[in-house]
Amino acid sequence: MTDTSAPGREPDPAAPLGVAVVGAGYWGPNLVRNFQSSPRFRLRWLCDLDVARAQRVLGGYSTVRATSDYAAVLADPSVDAVAVATPAGTHLDIALAALRAGKHVLVEKPLAATYADGARLVAEAEERGLTLMCDHTYCYTPAVGRIRELVRSGELGEIHFVDSIRINLGLVQKDIDVMWDLAPHDLSILDFILPDNVEPVAVAAHGADPIGAGQACVAYLTLQLNTGAIAHVHVNWLSPVKVRTTMVGGAKRTLIWDDLNPAQRVAIFDRGVDLAAPQEIGADERRDMLISYRSGDMIAPAIGEKEALRSMVDEFADAIRERRAPLTDGRAGLRVLDILEAASRSLEFRGAVVGLRAGR
Amino acid sequence: MTDTSAPGREPDPAAPLGVAVVGAGYWGPNLVRNFQSSPRFRLRWLCDLDVARAQRVLGGYSTVRATSDYAAVLADPSVDAVAVATPAGTHLDIALAALRAGKHVLVEKPLAATYADGARLVAEAEERGLTLMCDHTYCYTPAVGRIRELVRSGELGEIHFVDSIRINLGLVQKDIDVMWDLAPHDLSILDFILPDNVEPVAVAAHGADPIGAGQACVAYLTLQLNTGAIAHVHVNWLSPVKVRTTMVGGAKRTLIWDDLNPAQRVAIFDRGVDLAAPQEIGADERRDMLISYRSGDMIAPAIGEKEALRSMVDEFADAIRERRAPLTDGRAGLRVLDILEAASRSLEFRGAVVGLRAGR
Amino acid sequence: MTDTSAPGREPDPAAPLGVAVVGAGYWGPNLVRNFQSSPRFRLRWLCDLDVARAQRVLGGYSTVRATSDYAAVLADPSVDAVAVATPAGTHLDIALAALRAGKHVLVEKPLAATYADGARLVAEAEERGLTLMCDHTYCYTPAVGRIRELVRSGELGEIHFVDSIRINLGLVQKDIDVMWDLAPHDLSILDFILPDNVEPVAVAAHGADPIGAGQACVAYLTLQLNTGAIAHVHVNWLSPVKVRTTMVGGAKRTLIWDDLNPAQRVAIFDRGVDLAAPQEIGADERRDMLISYRSGDMIAPAIGEKEALRSMVDEFADAIRERRAPLTDGRAGLRVLDILEAASRSLEFRGAVVGLRAGR
Amino acid sequence: MTDTSAPGREPDPAAPLGVAVVGAGYWGPNLVRNFQSSPRFRLRWLCDLDVARAQRVLGGYSTVRATSDYAAVLADPSVDAVAVATPAGTHLDIALAALRAGKHVLVEKPLAATYADGARLVAEAEERGLTLMCDHTYCYTPAVGRIRELVRSGELGEIHFVDSIRINLGLVQKDIDVMWDLAPHDLSILDFILPDNVEPVAVAAHGADPIGAGQACVAYLTLQLNTGAIAHVHVNWLSPVKVRTTMVGGAKRTLIWDDLNPAQRVAIFDRGVDLAAPQEIGADERRDMLISYRSGDMIAPAIGEKEALRSMVDEFADAIRERRAPLTDGRAGLRVLDILEAASRSLEFRGAVVGLRAGR
């Protein structure tokens, strides 16, 4: 269906896209399941260095082929796209090879191990006119979709603060700290929901490794936004309870997203502090008289329960077919890498504020 | 009962201590109620610049005297002790006058407006052999008492992290920021529960004033402890929901205190990440093999519901009678002021880490 | 202020009503506190057979008189009203004496030990033109007030079911079972919120005394309403957790009141099952095609936090002054007694359905 | 592998059991998934009258055969067992045919549409020495397994009461009421956890059909146990929120199972009311002095998260291989049918108590 001499050629819209998943570890099986259930795709291969593991993931009833031969996958003309679910350190090589073979590419978060690597992938895809998408899964949950609408439509008013907590008894990683493991979720969500003219400009990070694991197991990131607003992320591998809560405070309303409360994932509060605008204030000492408090209703909107990964793979297909950037494209992945790298530098320098690269 | 020529003289143990409350604003009425219900005290006066307000607090059925004449209160020999519930900026003058009149003194948090002021009060009280106590109310809740036992007895193991959240739609203050308003609670609790050999050595603070109130309405404090552990405090006046949760992570167990959940204020989790001690590890690359996870039971101990303020006033009486330092003495108040001042400096310098004065 | 020859005479609207509280046990102190804080009343006496207990309730700073001489209380012309907070078995004698002395009367729930006793009180008060009020405290909570509005205004649509749970580790009573102890709350709330044309017509009760306490410690009441709707009450002294939840299901919306969740006491759900009206259905077998489901938003309205007892005593004063029936008058107390007596008969006869007296 | 002349012949223990699923509706897909993931089984067929639906359930990548020809399935010697996930009214015919073809049978709850039908299946299976199992899925959750241990080991003490709530906005069924739809879960759990010498002896049921659906949409069942204990079940299709909570009250401890709280599914409370034994009581009037209250800790045991259906299919395989009754055998399904039929009769007769057939 695709050949390397004509990369990015629009496939037959009547036919499903051929796809291969690379990596049969933690996340790969979820991609396998969702590509299989989407009529937009035809899953061709599951590729893993450990072919037995790939076979186990497919199970005893599948017609999908398992392989450890990535070159064969890339050589298969029925493969239009490759989904990479391997460790971050391998993303550059695997994704680059796929792009060079003319395949569209979906990469697990983080996009790459470094900003520089990620930038190479973005450049390669853009040169070739191929779709490069980062699997920022949470952006495809119905809840985050709704939050994005609420924030970008102005229903919350100007954003004042964002506070995100993502903690649980996590698998301590050998090669990456808790910040690189968990914060990409919060940072990609932040990137996704903020209006185009609002962006982080600097980050400070504090962390600790109280168990002697060799890297931070508890970390706090504080992001300064260009509007004066503040965003804060708490990630923690040592918490005995699982918390996944994000509060988005706005001038008009404040919302709380509790991802672990299926009965009420998003709650929008018409409560807050109002301050008369400066020009309306005669003298500084009268300021306190002009503070008022709203204590209105809370609304928990009905939100559907569509699986995020399914929406994500559908977006991947649509972006390929429509030859447009996906909602979470390589550049979004790059912006997240920028913050992660700056946060790592801040951690090294005991919490010093580190500026971010400009521009969304 | 007391005269100024013999300050600190042990009162007749059979008789209740005469006490006067200064300040009939937000907190004073609570002190009035608790001094009245304690047989250890006899409430003599409620003093406020606005005597009508003091009268309203006492109500139409009380035999307690209201006054705006503080000098008369200090001159009353039946007054053994003075409880100060006025704005922080007035603590120094009011408390100093009381100490100089030979009265024992209880002061609302924070002890004073500055560390220097607080230090003057501590010195004055020590010179005169009078009791100076800081009303760190939360330390007298049954929950915090239990937490102190659990931490100091070693039941949690070495403390790895403390994470405290105290947020709600708060009254934006004219003269102090959210950090000075709310963090004294978390910092006094931290001071109270930590073992004697564990203490904060530095602090960084990040804040924002997104509504233009003139001071930070959202703030994050990160404390570095001398053991390598980390403590973090989130205080926020703009949250539409009230959260008061503290997590104390230890090497053996982790506890969560949720002050707003009367059915289960304290939960102790036998869950965590264990790492084999360094000497047991042959090579660095084998470290990941030596991580193990505990996923044991949770226990929510039965905890009584005694009012904290009542325990606090009883401790004040006992400390006076037994001529010993109260559990939350002036020095505890001073340590909290030290952190608050350092945190304010950090805020000014965009989150720079600021060292604390040495020694508990 | 009042004399027995002119019962019910409207008191001077400028002066507070003189009131005496009878009973210094569990509930009396709450009445004492609220009468003291209401400018509409002047508390004259606290009367208890055990005068020392009454004195302890008043505390060491009160100008209110304690007494064990009820006759003296009734003879005091400055006493306009008597509040009775004694065991149910004594309500008849105490309240009757007060009415005969020309006093307005407030009685703790249940109104009396039997329907017959309660009816005597109602008759006596009506003959004398005196106010007889039953302290159905929950009806004066802001939450129940709001629920009453929502139900009676038709915002919920026709009521389909009411399910109420009131369980906790309760004090096992010597003389009354769990139904008489706790269900009066639920039954008085039901009586209060239902529209005038909706009423219970029959009750069945099931109970158990598994600990051998001598009376039911667990009980379930099922009420049949005249509209075909069902109401159900679960009361239980043996539950280790406290639950106080009432669900009111309507044709348009359903609400849940959780009295133990101060952050969200009332939640109104725009969710439900809709059925096309019978005339719209051609054939019975097509019925299933005409069922539809709404899955709309939930709204938790902002509700104030005024103390119910304070609103209750204010209503008592207003009803006396305005010479009108209070919101929870003797007749409301009587309707609750009717259900309780029928439920007791049902318990005796293993859950047989027992009809209620007609008419609200 | 199996032939009809030798029903129940023990299959080769080294080989997986061949299985066919009948019914590709709501529940069938879950059985398909779990049989596929269990090495104890080899899924041979998915059979449905609508073969396209069966094909859709299998998806585009499966090697399992879809068919609408049940006779062909039964004629296939590689099919050792049949799992029936069709409407209850069809269970008798489908299961009977399978048993007569020498197949072991797993049937969705309820076992059959009537007690008489269920009894025929039990008799047929017993005569042929075949395994007949009822898929009481909840009994295979780790939580219910733990509860069974706690109850049957005596750790809770004698059971005093069981209170079960299973409500949500449910699919109103055309052919069965809410009791037959939802209560089988609670009744099968009750049957599973109670000690062998404790059993229900009578049931009363109250219900309502406030939306005019043609059958009860809200129902309450009260079960009398042979010990004097009480069990109560609330099932409801009209609740806007989903609740699945069971409280099991015992003489020593009480537990609460909240199936929707993954962080704390089971909580065991050392709280309760103790009564001195009768012989210790001198006189009846002293009884109240001998009541005491325990207010001890709560323990939430760590409980794994194994999928119940997977444990259920494994138990099916083990019971077949070991030629023993499965944990939830046909007789358990029959006991549940007995209660359901009695409850339906009670509903007809306005809540009259209906006795149950004797014997577990």
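Chains: A, B, C and D, in written order; residue numbering restarts at 1 for each.
The criterion applied here is as follows: a residue touches a chain if its C-beta (ideal position, glycine included) is under 8 Å from a C-beta of that chain, and two chains touch if they have at least 3 such contacts.
All of these numbers come straight from a predicted model, not from anything done at the bench.
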- Query: Counting C-beta pairs in contact, which comes out ahead: B-C or A-B?
  - Reply: A-B
- Task: Please indicate which chain is farthest from chain D, where distance is taken between mean Cα coordinates of the chains.
- Result: B
- If you average the CA atoms of chain B and of chain C, how far apart do the two points sit, in angstrom? 41
- Item | Distance from the mean Cα position of chain C to that of chain A, given in whole angstrom | 54
- Message: Please output the residue numbers of chain D that touch at least 2 other chains, ranges allowed.
- Response: 241, 271, 295, 298
- Query: Tell me, which parts of chain A touch chain B in their complex?
  - Reply: 158, 160-161, 163, 169, 172, 174, 204, 206-214, 217-218, 220, 222, 227-230, 232, 234, 236-241, 247, 249, 251, 254, 256, 269, 271-275, 278, 287-288, 291, 293, 295, 298, 350-353
- In the complex, chain D touches chain B at residues 264, 270-271, 295-302
- Query: Which residues, counting only chain B, touch chain C once they are in their complex?
  - Reply: 36-37, 42-43, 59-64, 241-242, 260, 263
